[in-house]
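Shared chain: subunit A. Partners: subunit B in the first complex, subunit C in the second.
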Partner chain A sequence: MVTFNLLINAVVTGILLGGFYAAVTIGVTIAFGMLDIVNIAHPVFIIMGSFVAYIVNRHFGFDPILTVIVAAPLFFLLGIAIFRFYYAAFESSGKGSLRGLAFFFGIMFVIEVTLLLAFGVDYRLVQTSYIGPNIGFAHIDLPLRMVVPFVGSMALVSGLYIFFGHTFIGRAIMAVAQDEFALSLMAVDTVAVKQLAFGVAIATAGIAGGFLIVIQPVDPSLGREYIGRVFAICVLGGLGSITGTVIAALILGVVETITSTIFGPSWAPAVSFAALLLTLAIRPSGIMGR
Partner chain B sequence: MTRLKIKQNHDERISSPKLLSSESSAKGAGLTRRRFNRALMTMSALAASGSLPVRSAIASEPIKIGFGMAQSGPLGGNGKAALLAIEMWRDNINARGGLLGRAVQLVYYDDQTNPTLIPGIYSKLFDVDKVDLVLGGYGTAVQAAALPIVMQRKQVLIGTGAVAVNEKYKYDKYFQMLPNGSTARTSTSEGFFQAAMTMDPKPKTVAIVGAVTEFSRNVILGARENAKKYGLKIVYDGGYPPNQMEFGSILRSVQAANPEVVFVASYPPDSAGVIRTAYEQKLQTRMFGGAMIGLQYSELKQQLGPMLNNVLCYEFYVPAPTTNFPGIKEFLAMYQERAKKAGADLLGFYLPPYAYAGMEVLEKAVTAIKGLDPNAIGRYIHANTFDTVVGKVTFAPNGDWAKPRLLYVQYQGIVGNDLEQFKRIGTQVIIEPQEFAYGKLYYPFAASGH
Partner chain C sequence: MVALFILALSRVVKNEYYMFAGYVVLQYIVLASAWNILGGYSGYVNFGSAAFFGIGAYGAVVLDKLWQPPLVVAIVFGGIVASLVGLVTAYLTLRLRGVFFAIATLALAIVLQTLVMNWDFVGGPLGYYSVRPDSIAGFPSYVNYLFVIMLGLALIAVLVARAIELSFIGRGLAAIRDNELAAECCGVPTLRLKVFATMVSGGLMGMAGAPFPYYITYLDPNSAFSLAHGINSIAMPLIGGMTHWIGPVIGAVLLAVIQQVATVTISSELNLMIVGVLLISFITLAPNGIVGLFERYRQKRQRRLST
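The block that comes next holds the complex of A and B.
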């Protein structure tokens, strides 16, 4: 029997889960929603972030989330390097969309196999003080293992919201997303702006990797599990909308946990994606899409 | 076949093949049509050229053993460990002069824990690589995909690990090395329920949770049958999708049903998630555990550490006064040495001894019949009991072990995250079956576990 206590816990857990989903999706929102780059390899960069957190945690005992924040500039540079190659090979010749998709598939497999060869196929976990404790109150469970990534995720998306809305570079990226051609007529180097944006997208993936390995064990091929989910949230939120991404992620998280509680967990993916289809049927551009 | 990535290992480390003696050559060559034809062609060619004696040409040709084995994907860790054990057997037999006097060569592909790749892999093994013998990889789904192809070729299939794959086919040349027994569906959870019924007072309710996958589905069906058999009322019965990452809502629903026993059938990442969540929520129940794949792996044992305390889970082998099978210590010492370099599971308790034992069975059968005839090998394996590193093995008509021997083990006194403690007797106490039990079941789960 489903009690009020169970339901409220399901909602709270769904919000925590949704917050994490927002962090793993925000990079896709930037790359796919704003730059029109179908970076299907995004989840594998998340796994890379997880492995960076794992190595540093295992060998030096550092906090996995602080580790990925420190490592974020490296992911940013990696993103820039990948974009430069992608731009030179595909986008500059107008062959970005389909061939670019194949390119990112290739990137995904190369990184996955590299991780496999380097670290093997075992599941990796990290040790931190916030894995295990629970800060529940009034019959509500708040496992720190979920709370800390949630807080980190919200800080990440809030930072990006401020960056895109209130900084010169951020507004330039938004302008590229709106009308690249018009921006180029104003003598703006749109390629450089897109390059920066893609770097930011990959940096967010690295940070999300730190959150992921706190929540669950990670192996090199785990990224594949997230491809469908992150693109679904991105589309549901409305392409290119950070607010929409957060709302969509929270909706998906809450729908999953409530379904899991009421009907059983095996129904959760079906109900979640039915909610996605229903939303898109009513509002094809997504929740915050224009 | 370009998707069959990473590895095709045509062994380069084969020991120098020895020339057959005239006796073994005659015995070995006369038993299969393929070998007969091969010998005939070789004889014709050599007769035409007037060169080397016939028997040295035959002897230099290795026996090829082909298989798909997960080296990536969810069960890649197990596959890697199993492969290392099979390679150890190969090195061992080649050092002893080979099988039937011929060097053994392994031909394997990474099946990526993906059953859709299996038809391609086994077709290539038979048609392109021309293997003499085949093995099954690790996992129910991949072996279920391989079995029909092997049946079509009328070959022997010795599987590394699967549950109830041959239940419907009843193929007489299929053998499965894991000790789930011929009634694998129910015997996988039997020890858990037997242990539960030793609690005082006897439990009356059970919750069953499991992944919606081939393995878990079979185990859950068996767990339901066992719950009925032992008179337990199922108060929660839920499956979850394979990519589930949040178990809080599931375990809260379980807790709300207030079961005395919680049985979980899960895959490695889920097992870690379920145990962490149970620990965080301070799950209140008398007994907790089940067929949780992953808890047997070194990495998860080490990382979960004290969270494992009082969990009752199955293992295939743990160091115990009752599991001192001849050769097992030597095997594990050698395995653990090689595993460090190979990047395989460091303890090697789970799959490697059984993968190695499977090769011992095959070796004994081939040696006894002095040939590679699949029908003769199948008949011999069915008719005999084998002394292996995992003890005596006898097969039931469906190819599973005649007598199940899944060890239900309770983790006790785990302190910190040191892996070495798992090599000690007493940290993984065998509770069932009684024949191997040497410790006491601690319950309730929550009170002593936290």
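The block that comes next holds the complex of A and C.
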């Protein structure tokens, strides 16, 4: 029987989870929504971030979240390298869409299998002080392993919001998203701007990976579960809108936890697919769409 | 003719392993040709081959539990259900940009896997053991029977793909691939063609999936909806060449044989690695696949001969 108390708990957990989903999705919002690069390999980069956190935590005992923040520049460089390759092979010749998709699909498999060969199919977890204890008030129990990633995710997303709205480079990226051709007429190197933005997107994936391994144990194929979720949130939020992404992530997080409280956790992945199809059928431009 | 030759060969060869491995190669010819009808001709990427394949496989399981019909009935059933799922997905997403269709199909495979996991009637996460009939009249063994069935399916898939390519439908799909807006303006019924192609493609994949439970005798959601089906059926047409019906066949034979050899000699994880690396290198270096390479070579030679 689903009691009121259980429902309140589900909603609160859902909000925490949704905040984390925002961090997971924000990279896709940048790459897909703004740059029109359909990076379906994004979840795999998140898993890579988780494994970086795992290795460093296992061998040196560092905090997983601090680790990925320090490692973010590496992911940034990785993103730039991938963008350069992608640009040279597909976008510059104007045959992006189909082959680009298949390209990222291939990348996804290669990274996943590499992780699988290196670490096996076991679930990996990290040790820190905030995994385990709960903070509770009234009738609500908040596991710290959800609260810390939530706070971190919100910080990340707010930081990006300020970056895109108030810095020169961030506004340049927004301008590319709006009208690339017009910007190139103003003697702006649009490729360099896009390259930078894609680097930022992959860097957020690395950081989100650190949050992920705090929330749950990670295995190499976990990324698959996140593909539908990430794109559902991105589309629901209205492609390329940071505010929309956060709202959509919170909605999906709450609906997912309520679904898994009532019907059982194995139904949760179906929620994002339903959300994706419903959005595409009813309002393809999403919540904050232009 | 090739099919007749293989059929004759299947009577002579006594080693069951060749039937067993050959079945997989033929199955991939069906999947690759089916994928190419939508993906190759019209340029819409379907990541959800595993979904359609799994629908066929689990459709056969449902029928098997209910009244154990002959295999052909299960194949037709799987094909119909899969093409109906194709119809709904295509209709909802293909009106928009192509990427949405790609994403939706990718998610479809994962969601169907979850649904089947929760469906106790077909065994849920525990899977389902299908009992093979003892023997079929006129065939030396059941594996041999499955092999011949799959040979027939492969033949059908290739013929259907070829017929579509050479008809007005194929020309319409090619027009969509080159410039959808222009095609629409010229009176090509783009949405109807795309939905039709998705249904045919999905239906063939479903038909390929239906004999699968009998082939492996133990079916679980992970093997039915394995993303390996998805990547293989994309990689094979891309590597073989997407604009000609023979391309997927070449790609399927090549990749499936490599994988069969690799599974026996190395490991099955490395399989996917090989496919992934081949896929990436072909789309960057030889975007038109083996058929494209061959055509370029022929053109070059003709030019040299004419001068």
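Quick notes on this structure:
The rule is simple: the second predicted complex is superposed on the first by the 263 of 290 C-alpha atoms of A that agree within 3 Å, B and C clash if a C-alpha of one lies under 4 Å from a C-alpha of the other, contacts with A are read in each partner's own complex, and residues count from 1 in each chain.
Assume contacts are C-beta pairs under 8 Å (C-beta built on N, C-alpha and C of every residue); 3 or more make two chains touch, one makes a residue touch a chain.
If you're wondering where the values come from, they're calculated on a predicted model, not measured in any experiment.
Once the two complexes are laid over each other on the shared chain, residue contacts for A:P143 go to subunit B alone; subunit C is not touched.
In the superposition on chain A, A:F105 contacts subunit C only, with no contact to subunit B.
By the touch criterion stated above, A:F62 is placed in contact with neither subunit B nor subunit C.
In the superposed model, A:E256 makes contact with subunit B only, not with subunit C.
Touch criterion met: A:Y123 reaches subunit B, while subunit C stays clear of it.
Within the superposed three-chain model, A:V38 lies in touch with subunit C and out of touch with subunit B [touch as defined at top]. In the superposed pair of complexes, A:L277 makes contact with subunit C only, with no contact to subunit B. After overlaying the two complexes on the shared chain, residue contacts for A:P269 are found with subunit B and with subunit C alike. Applying the stated contact rule after C-alpha superposition, one finds that A:T13 touches subunit B and leaves subunit C untouched. Shared interface residues of subunit A, touching subunit B in one complex and subunit C in the other, are 113, 116, 225, 264, 266, 269.
Residues 39, 43-45, 47, 92-93, 96, 98-100, 102-104, 106-108, 110-111, 114-115, 117-118, 227, 231, 234-235, 238, 269-270, 272-273, 275-277, 279-280, 283-284, 287 of subunit C are the ones touching subunit A in the complex. Against subunit C, in their complex, subunit A makes its touches with residues 32, 38, 40, 85, 89-90, 95, 97-99, 101-103, 105-107, 109-110, 112-114, 116-117, 224-225, 227-228, 231-232, 235, 264, 266-267, 269-270, 272-273, 276-277, 280-281, 284.
Remark: subunit A residues 1, 3, 5-6, 9-10, 13-14, 17, 113, 116, 120-125, 127, 131-134, 141, 143, 145-146, 215-217, 219-222, 225, 256-257, 260-261, 264-266, 268-269 touch subunit B in the complex.
The touching residues of subunit B, counted against subunit A in their complex, run 5-6, 70-74, 76-77, 79-80, 212, 238-241, 243-246, 248-250, 252-253, 256, 268-269, 272-273, 276-277, 279-282, 294, 297-300, 303-304, 307, 343-345, 417.
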